């Protein structure tokens, strides 16, 4: 079973740009929100993994396909799942849709490597294996 | 000949996150800076295309591969080129590297569709064809 | 009775900087979130006021006093109230505190003038007077 | 003689919001850019002060008065000076104006306390006294 989670955010005024819709870069910040909440749903805090174990999820790759514009004050549902994970890397997949009307706004994925505080590659500690589905 | 341009930015403190390096979302803002400057190098202002012609470059797809972390106060060279363009879409390619040591930080691309103020698809006006290499 | 409202946000990873705490500029974005939610509590959508009436709340002045650092994943309560309002201007006051322990993170205020789409000063339409406590 | 410096930035698309002008929070990021560049003009890198001496400039207070809207692609001159400084605190003052026409966009100030890595108050090391005008 792939871990999966949904969380909701409300589009902020500052996230729009003069095109009148959400600036494309913000969807990557929403993905970050999605994976932090997925971690919680999996039973741990990403914050603690950083603080207690010195393990960080460095972004190695990120992509997004924009389907429909997101607008100020829209409620957005971020659905996040782990697409692939092993002791070295993890790939998250995201679907962002409008809560009203269930319109898909964007889909995306991010690939991460586990690193230590010095930004050197490391392995996911055993205690997190089950939570990541490794 | 594909239009190509280089521009420079300095990493801002606010662009870092608690990992001590630039947050991954900011590279997409830098790509935006890169393509605005490429437009200028091609002989027109993106601002004017929006204002005078009501033509906008909506982002349909964006991706980035992170090679090496960017740090506060680094000078970053954003190299932007048009990879493909026709009257309907344009694809930009980007390489971001550190000015010091010429270390590649990230590469990426964005695919855009031309839209009008109502976010409906439109065609690139003829006067811009040559500049975009169409 | 001054209108007052509380809303909650969760600190995003991207909102931190390399000091390990939330970058000071983000508190102004949170204030923006606070006043949008206060408008809702007062019975109208700020979005509609912009769209339907062409009335915008331009920021004329903003200030913040930082009391205690906000950290990644903290839940923050934004308490917003209207300190003063007439048909020309409105002043909001904010208190941001940590949900856990009720620690005050920051206090601030913003002063706004009502403007139209052309950024020219205008008066608050009569239908909003009661909601703003004018 | 108060240390003073001018630096230039170009307004980014992502810095605008749907009001069609720069979102008010971004001026605080520009102030941050201004004080980093002022440090350089004074003969040291803020980055090094953090890394080598473990001294950080925590923001205790920030304020901004907005005079005239800043727009996408405007070149903005950030004039920064040290208004007051002692071994415990430093106050910076900023004036942001449009390079074209010399229109003042905003003025602001930030008050900082010197802190160590643990965010505890500390004193400015003697080697920086002259640079800060202490």
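By letter and in written order, the chains are A, B, C and D; residue numbering begins at 1 in each of them.
The working rule: contacts are C-beta pairs under 8 Å (C-beta built on N, C-alpha and C of every residue); 3 or more make two chains touch, one makes a residue touch a chain.
These numbers come from a predicted model, not from an experiment.
Engineer: Rotation angle, subunit A onto subunit C: superpose the C-alpha atoms of these two copies and give the value as a multiple of 5 degrees.
Structural biologist: 180
Engineer: Measuring between Cα centroids, what's the chain most distant from subunit C?
Structural biologist: If we average the C-alpha coordinates per chain, B ends up farthest from subunit C.
Engineer: Using the average of all C-alpha atoms in each chain as its centre, how far is it in Å between subunit A and subunit C?
Structural biologist: 27
Engineer: Starting from the mean Cα coordinates of subunit A and subunit B, work out the distance between those two points in Å.
Structural biologist: Subunit A and subunit B have C-alpha centres separated by 23 Å.
Engineer: Measuring from the mean C-alpha position of subunit B to the mean C-alpha position of subunit C, what distance in angstrom results?
Structural biologist: Measuring from centre to centre gives 32 Å for this pair.
Engineer: Going by the touch rule set out above, which residues of subunit C reach two or more other chains?
Structural biologist: Expected reply: 13-14, 18-19, 21, 23, 25, 29, 32, 72.
Engineer: Spell out the part of subunit C that touches subunit B in their complex, as residue ranges.
Structural biologist: Residues 13-14, 16-21, 23, 25, 72.
Engineer: Write out the stretch or stretches of subunit C touching subunit A in their complex.
Structural biologist: For subunit C paired with subunit A, touching residues are 10, 12-14, 29, 32-33, 36, 45-47, 72-73.
Engineer: Once bound in the complex, which stretches of subunit C touch subunit D?
Structural biologist: 18-19, 21, 23-26, 28-29, 32, 50, 56, 58-66, 69, 110, 119
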